[in-house]
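Worksheet for the structure shown next.
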């Protein structure tokens, strides 16, 4: 801090002190990040190549690619990976479409807009655990309002929404969409508001229909933000844990077993730390590869 | 002027759509609210009314007694406030330096911020658990604070960078020309301008650690150390005996702090995210 | 604008100052773990969850603390739902309690990992002689060490709504045992027109199926090899038949938890209800006024009214610095009057014969107790408890496969294949 307190140095000296000042200012953030996130990450990746497991004084040995060979034949893991992909893509896409619709509405001069906007933000402020509990109550087969509403409409009403393997995943996806709408809506709304009004007006004068204007003017202007938010949503959804952990804990019959839950169980139920870390590594590599492809495709179509 | 204005069907349809959205978003919340005030008999009655027959607070007292909610809330508050303080104190100078000084650090930091989002928590939690065990911080709130702080930092940095770059450099240069030291410039010029962004960032950090579940699940085993989400998750679990009313009440209590904060900064947060998204 | 900004700054400053005021290490749970002045403090993580049992446990601990001023026991509350995960992290993190409450089917894996102290020597002879060798077998590790004291036993019993039986004109079965065939026809008889005879919350089906299968000699395991044959599949097949052939068992209830189904039993929707005997406590607590119920005789298969014994257990962490003292507390805990009190709190069956007699004496004439204690006579050790990978097999293969079978999504052959292949893939 003393370096900062010194009077503003003459221009010539500025460059070298600047570097030093920058380091001094960044260091308090850098040190804990190195210790508690870079180091664990590197260690975690490394653990994926060992046989680390629970046990008093259990020895940990480097075992090369053994974990990956075992993983390749682990049907349950790939099944869970598939569930993870279905979950992440469904939630991201539905969330995007629902949020885009809402953001477009919120961007219009409608009455009660403030209320809708506030409501759209609320799930953000709720812990995922609470969201899960709330939906458990909603979907309770005996007392939940969902079944009760169906009953009053004379429809089948003894459905155990979270307990039947055929429908549990779609139901959980709906809850995921509900929980994740705020971020996406607000970001898209912010994007819409930054689309220059002149563009739309010019198109309107040319006689373009609302739909055409949306398709040819608004959407292209929104593209960078759409790319950013769908990418982030996809990552967040793929890695999400708390919501489904509390909602179904992966059941019934493993039909909602997201890969993060699967790996958690492998590590903290069955004590196979090395194997679980290997699952983490596989998840990173596959998701990373997908993201690179996706972002590159987006970049290319933007350039063309 | 606009075509949609001329279309007589468009407006009502738009309102209809907005209404549908509002139902989807609000219904679970209203249901939670009403359930929290209903008696057990009302909840289980075969022919329920939507609104509770009277405002009864029994569920709230039951919830507080049963799940040690006070202890858990105190733990959550302590953890979230400390985390927020650390993150704010550390990320402010760092964000300033990353924006104002042209060093290679910025590229590295941005890279890290993005990268840290991609990694699944499972890769981090195992080594982190072993690390915290070695330094005796497993099953302590201090350990939890450290973890939360480090994992909240990237996002806080990202948000703050947006705010810092929104401050015109000319202001600082003018101050420097006037002979003010850099620290003085920071204190007198930059900090006041940054205050709204700082508030938004810190409240964001607060909410994130208030809501966090996964790290707490692994790192905290002692019931005395439980955070609120942990206590609530276990409240649900308590072998079969789920009391719906108290559960709803407990859930409601757990939302209050972040909802209040959220309402307070709603506008600012939106603006802050926007500037972060555009500039960062 | 100006005042607003300074208010924001003040808010941030306040936020920064608060933790400094709060930063006593103890507030963060760091430190403060030493023995003070030769006094030993043991932590005891109990999973009791019904109010009556929590109170009984607290009383035992209080009595011990009063009698042993130098060895104080501190009660910590755990939960059955996450006990396995919690123990994994506690053992791994070195924060395990000294005295650990769990159940035999769950804890034996930890014994193989070396986390549990051998109690063969420290436990008193009184404790050892109070329990049958068969039950001791459920807590003996592969190297012959005893890693827990078995406390309470659970059996699956059939509860009956006696008024519903009377309305249907069906007589309550009596006798020492209720054969599965009779049970099935009973369910059809009381079902009435279009109704159900039975609700059974089998969301987590594995434990119930494994325990009841012993009544058909369905042992599932032989050492570390699995064998799923006709005996093993008898119970799931019968449940399946009741749900999808007779229609006497509500299939929706099979996807729910026991306590989700309980209200249907109270409402009269289900004249019969199968659950662990501990549910009797919930029935006495929350049944509507004027609800009349009984416990039917224990279910009997071809091998008699036998069920697998999966006792609750009390163990000591291998890393505990006070194994002797902890074992002494377990001895105290195992005394007949204490076990009897706990058993009555949870409506469970003590593994110790003296305690069981005491319960019989104290509960003579109470509704249901006679039949529950009778079901305890048929409890014996089953091989699945000592199969090391049982918990993982149960989560990953047995539970999903049974759930699918009971939801009528797979055939019995597929069930058999999934159970067998799953176990073999765990190696």
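Lettered A, B and C in written order, each chain numbered from 1.
As a convention for this text, contacts are C-beta pairs under 8 Å (C-beta built on N, C-alpha and C of every residue); 3 or more make two chains touch, one makes a residue touch a chain.
Small disclaimer: the values here were computed from a predicted structure and weren't measured.
Enquirer: How are the chains arranged in terms of who touches whom: line, ring, star, complete or other?
Expert: Topology of touching chains reads as complete, every chain touching all others.
Enquirer: Using the touch rule from the top, work out which pair, B-C or A-C, shares more C-beta pairs.
Expert: Contact tally favours B-C.
Enquirer: Suppose chain centres are the mean of their C-alpha atoms. Which chain sits farthest from chain B?
Expert: Of all the other chains, the one whose centre lies farthest from chain B is C.
Enquirer: Per the centroid of Cα atoms for each chain, what is the distance between chain A and chain B, given in Å?
Expert: Taking the mean C-alpha position of each chain, the two centres sit 15 Å apart.
Enquirer: Where the centres are mean C-alpha positions, what is the separation of chain A from chain C, in Å?
Expert: 37
Enquirer: Among the residues of chain B, which are close enough to touch at least two other chains?
Expert: 44, 89, 218
Enquirer: Note the residues in chain C that touch 2 or more other chains, in rising order.
Expert: Chain C, residues with two or more chain partners: 89, 92, 260, 263.
Enquirer: On chain A, where are the residues touching two or more other chains?
Expert: Residues 140, 142, 268.
Enquirer: Along chain B, where are the residues that touch chain A in the complex?
Expert: Going through chain B, the ones touching chain A are 1-4, 7, 10, 14-15, 17-18, 21-22, 24-29, 31-32, 35, 43-44, 48, 89-91, 93-94, 96-98, 101-103, 105, 109, 112, 116-128, 130-131, 146-147, 149-151, 153, 157, 176, 179-183, 186, 207, 210-214, 217-218, 228-229, 232-233, 236, 244, 247-248, 251, 254-255, 258-259, 261-263, 266, 270, 273-274, 277-278.
Enquirer: Spell out the residues on chain C that touch chain A in their complex, using ranges where they run on.
Expert: Interface residues on the chain C side: 84-85, 88-89, 91-92, 113-115, 203, 252, 255-256, 260, 263-264, 318-319, 391-392, 395-396, 399-401, 403-404, 407, 409, 425.
Enquirer: Going by the contact rule at the top, pick out the chain A residues touching chain C in the complex.
Expert: Going through chain A, the ones touching chain C are 54-58, 74-76, 140-142, 158-160, 163-166, 251-254, 265, 268-271.
Enquirer: Under the stated contact criterion, what part of chain C meets chain B in this complex?
Expert: 5-6, 8-9, 11-12, 15-16, 18-19, 22-23, 25, 27-30, 49-50, 76-82, 86, 89-90, 92-95, 257-260, 263, 267, 282
Enquirer: In the complex formed with chain B, which residues of chain A make contact?
Expert: Contact set of chain A toward chain B: 1, 4-8, 18-19, 21-23, 25-26, 28-30, 32-33, 35-41, 43-45, 47-48, 52, 98, 101-102, 105, 108, 110, 112-113, 115-116, 118-130, 133-138, 140, 142-143, 145, 148, 178, 181, 186-187, 189-191, 193-194, 204, 209-210, 225, 228, 232, 235-236, 238-239, 241-242, 245-246, 259-260, 263-264, 267-268, 273, 276-277, 279-281, 283-284, 287-288, 291.
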